[in-house]
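The structure under discussion appears below in the form of structure tokens.
The chains carry the letters A, B, C and D, assigned in the order they are written, with residues numbered from 1 in each.
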Amino acid sequence: MTERGAAPAGAEPGPAHRVSLGATRYGKAETRVVRVDRSAARHRIRDLNVSIALAGDVAETYLTGDNASVLPTDSQKNAVYAFAQEHGIGEPEEFALRLARYFVETQPAINWARVSAEEYGWDRIELAGAPAPHSFARSGRETRLVSVTCTGARAWVVSGLSDLVLLNTTDSEFRGYPRDRYTTLPETGDRVLATAVTARWRHADAAGDWAESYREVRRHLIEAFAGTYSRSLQQTLYAMAERVLAARPELAEIRLTLPNRHHLLVDLAPFGLPNANETFVAADRPYGLIEGSISRDGAPEPGEAW
Amino acid sequence: MTERGAAPAGAEPGPAHRVSLGATRYGKAETRVVRVDRSAARHRIRDLNVSIALAGDVAETYLTGDNASVLPTDSQKNAVYAFAQEHGIGEPEEFALRLARYFVETQPAINWARVSAEEYGWDRIELAGAPAPHSFARSGRETRLVSVTCTGARAWVVSGLSDLVLLNTTDSEFRGYPRDRYTTLPETGDRVLATAVTARWRHADAAGDWAESYREVRRHLIEAFAGTYSRSLQQTLYAMAERVLAARPELAEIRLTLPNRHHLLVDLAPFGLPNANETFVAADRPYGLIEGSISRDGAPEPGEAW
Amino acid sequence: MTERGAAPAGAEPGPAHRVSLGATRYGKAETRVVRVDRSAARHRIRDLNVSIALAGDVAETYLTGDNASVLPTDSQKNAVYAFAQEHGIGEPEEFALRLARYFVETQPAINWARVSAEEYGWDRIELAGAPAPHSFARSGRETRLVSVTCTGARAWVVSGLSDLVLLNTTDSEFRGYPRDRYTTLPETGDRVLATAVTARWRHADAAGDWAESYREVRRHLIEAFAGTYSRSLQQTLYAMAERVLAARPELAEIRLTLPNRHHLLVDLAPFGLPNANETFVAADRPYGLIEGSISRDGAPEPGEAW
Amino acid sequence: MTERGAAPAGAEPGPAHRVSLGATRYGKAETRVVRVDRSAARHRIRDLNVSIALAGDVAETYLTGDNASVLPTDSQKNAVYAFAQEHGIGEPEEFALRLARYFVETQPAINWARVSAEEYGWDRIELAGAPAPHSFARSGRETRLVSVTCTGARAWVVSGLSDLVLLNTTDSEFRGYPRDRYTTLPETGDRVLATAVTARWRHADAAGDWAESYREVRRHLIEAFAGTYSRSLQQTLYAMAERVLAARPELAEIRLTLPNRHHLLVDLAPFGLPNANETFVAADRPYGLIEGSISRDGAPEPGEAW
């Protein structure tokens, strides 16, 4: 973003010592905001962890400690709370867009802002068979993610989720791989396949029905995982991505990170017991890690989205 | 459990140096076992983290390194997997009882065994509106707990849960407290009340319908939290405990640990904004911590349960 | 501590429904306080995480929500900071004693107070070969622990440490153990022995040279671990405890919890390679867990120390 | 890396549905290897957590589940252990270079390999004033990092560290910043400045004295932090980077990520107490986050290093 030459302080450097400040970012990370909508008898709640990163013409503070362009990160935190109060939170994409635009539009030195958020889900409690008006249990399932990047002229929206843990007890094999000097793994025609999905998908536009888009992408990811007969976790990854892009025309690209949470078959032969894919060790480390990006042909370029 | 005098090695100790070995325990902790029941077309899954602690006549290994009484913790781990295969897992209380009894019954030196487990929940995935036959998503909600203690003659069963995060957006106040030199907290008639419940309940007997008991205790905890107008988190704790004991005659005692997950009202006056209990900071630390035990009058003594 | 009968709200209970409030505790947990002593040109720093638990005649808040005896946990937090400012922190045992006594002496309803703390170490930075006057690096080694319990009449002090990770590359064996149906572990005459020490030691009196005592107990624990030829981790545990009690007459008892951080020898035979105790997997789970308490004969009873 | 069109399975897609596989990576993450060098009476130890990522002509497994190009991640894990045994570990940069080259040189489909590692430090224990021959305590200080990327023709080496926690008790101010509608922060001429340094530095060449380079970069980072009078954490970041590049000609670039671990002055006025920068809350969240990259002018381009 910003680049400029700078002599090291207190030295008359020779050419070998000249250095330049390259890309920089700064901002307030992990502001925790909970917003209760009490406008109806049945309260609603949104719970976000918001991180802000700004860039622009801020080299002076790095080079000399002159802070004339450095909006304090404390002010950024205050803005999160004030925006939650003034505008509500709504969908996290909206909230992040509003904040990101605020910084580039009001701070002369700032020409790039990224607002990211994690959203934690809460389920309404049932009380005597009816929805409780103001009581919630944290869902504990996946975390919803959003990352909005804004320059003066444009905005990019990436939505996503993490920690969506999925498992198939069968319909997964792994065979036909090459062998090197260090290969001892036996081929298998039936294994447990488990992963903790991290997915991020880039919207073609900075507007849309964020709630529906999230709900549907999540559903397609889960159904594609469950419905794919898997010859490799890579194949499953691609099937998940392809299904999401096929079903959701508002998306330009999706990136998936899938750790292979190995469930190792326990050898029970020493105890005279069979084990027909029934008893497994859930291993912690090491784990396979499979990553991939799939894009719609002809979709807009990613620009500053990632 | 075991106590005996022992002179420090390499010294002729005076009386002040005589020390005695007191209570000891040893065992294998955190054995991760996943069991798939493939006996029907619709697979089922159970996922446990099992910890074993044994005690008895094992002083010799401490004092001299003679291991004649020390069943290896590796064998204990193997037993977890073998038992899962031979008997299935079933309800975690059953599984823990079976394992705990095995150690005290087969190891001459062992007269006390505790088998604890955490169980992680998995929800069956819906696929095109129907339950998928062999696909699951980790629920991410609370962890189910069990701790079984067994001596030769008796067994005690404690069930429980942790990380059940609950929140009421209103119907909570905190007033009428004493003030010392360091009290600055203003009284409040309306606050957010949130906690992450850890509960452990002791069964009067070592037999029962564990699944129903767990499901109902969990429901009563949640409903009592949601349905209590709270003047203090202590009052809510007692209401939760009392309701569980009133509803579940199979229980002798319940212990609750409730961190007060403070949601602090943000002062938005500097920005000319109101905040009528709508916008909160979800604070990490410090937090209040409220604990209590409630017992049924006339219930059996706890013995070795805790 | 407190026990009293209580009828469940909104019901005329039969005898089976009568329940009693048993032991309770409440207080502020994890107050993070950092204190800089600027009284000399060379600043000093102490960094504590303080948790407070109080008990006494506080049943009314559980039973009715009457808070007349409930000093707010917010006031307890304020006291931590005010005490740090007024008295400094000094040794954490002193700081905890002062706080614990404050609560039982000033709050009529409180007759039992426990103040626990973790202390994080900071090393002074060297700058051009000399100690920097006001710059520190967090040590990252073990955490120092203290837990002080105070009733009106008495105080008990338990000091300790956690996360002291020690490893011997040899001089450890494990043999001569019994075998059950599930034993497959081969005996070994040479293994890596590693553990993360948690130790807590009870002082006979509530006064002493806390700094020297801590420093020396820590040294003896480490030297006994390193200097013991180990036939079992239990033997090492006892040797550590015995050495501490032999060397430090101010102590009445020590309790150790030693996870066996297994370093598993990798089988490299499939690759035509030897492995003479050189290449290991550092395993995460499961792990052995060895616990024991050793007391000095004739030492004072523990009372409320633990 | 690989890009190719692919029709969604089971459909004759229209143009809007055509998608392409973009960049992919796969490999084994977090292989924990501990290596003991027993060649001298005084043993030595190295302790690494190794992660491998490979890329190349592997699209087929994503698109069809054909694994003919997919060296199993299990084989990669085995290679880590076999290499540790055959070649020792040595400096982590060497170890990572050797492994990365192995994959691109032996696997026809693989043309890009990244081997990353964390190294955990162990200090030799002192026993009766002398270095123990085979006993160690984990240092607990910063984690050493390495990331080597290798294509057939070239290799890039990035070294680094994380979790180096530094604190100055004075010589830090923050003033002269712009104010927006949400600014309430008062200026300060004296504050605590603390951070947990994550630093990564790119070497100009894939050869060097890695041990000395690491030791010296670490020293310069610490000394520059301690020795800089700071007007902003940005200024401190730049001073650290500049000093490292000025002192270490083998480096082309350094990237720093510095969370501002806020130590907030406690307002003790309600208790009639002063607080002249002595008593602080160590806050968890939110925190400022400052990032920057500084390069030597004329240094080689980063290529695939990051």
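Keep this in mind: contacts are C-beta pairs under 8 Å (C-beta built on N, C-alpha and C of every residue); 3 or more make two chains touch, one makes a residue touch a chain.
Computed from a predicted model, the values in this text were never measured in an experiment.
*Asks:* Any chance you could check whether A-D or C-D wins on number of contacting C-beta pairs?
*Replies:* Most contacts of the two pairs: A-D.
*Asks:* As a test of understanding: of all chains, whose mean C-alpha position lies farthest from that of chain A?
*Replies:* Farthest by centroid: C.
*Asks:* Rounded to the nearest 5 degrees, how far is chain A rotated relative to chain B when their C-alpha atoms are superposed?
*Replies:* The C-alpha superposition of chain A onto chain B needs 180 degrees.
*Asks:* For chain C and chain D, let me know how many angstrom lie between their CA-based centres, rounded off.
*Replies:* Using C-alpha averages as centres, the distance is 32 Å.
*Asks:* Would you mind pulling out the distance in Å between where the CA atoms of chain A average out and where those of chain D do?
*Replies:* Centre separation, chain A to chain D: 20 Å.
*Asks:* Provide the list of chain A residues touching at least two other chains, using ranges where the numbers run on.
*Replies:* 32, 78, 82, 181-182, 184, 270-271, 284-285
*Asks:* Given the complex with chain A, which residues does chain C contribute to the contact?
*Replies:* Counting only chain C, the residues touching chain A are 181-182, 184, 270-271, 284-285.
*Asks:* Considering only the defined contacts, which chain D positions touch chain A in the complex?
*Replies:* So the residues of chain D in touch with chain A come to 5-6, 8-9, 11, 13, 15-32, 51, 53, 58, 61-79, 82, 106-107, 109, 174-185, 230-232, 234-235, 237-239, 241-243, 245-246, 249, 253, 259-260, 285-298.
*Asks:* How about chain A: which of its residues touch chain B in the complex?
*Replies:* Where chain A meets chain B, its residues are 32-38, 43, 45, 47, 78, 81-82, 84-86, 122, 125, 127-128, 132, 134-142, 163-171, 192, 222-223, 225-227, 263, 266, 268, 270-271, 273-284.
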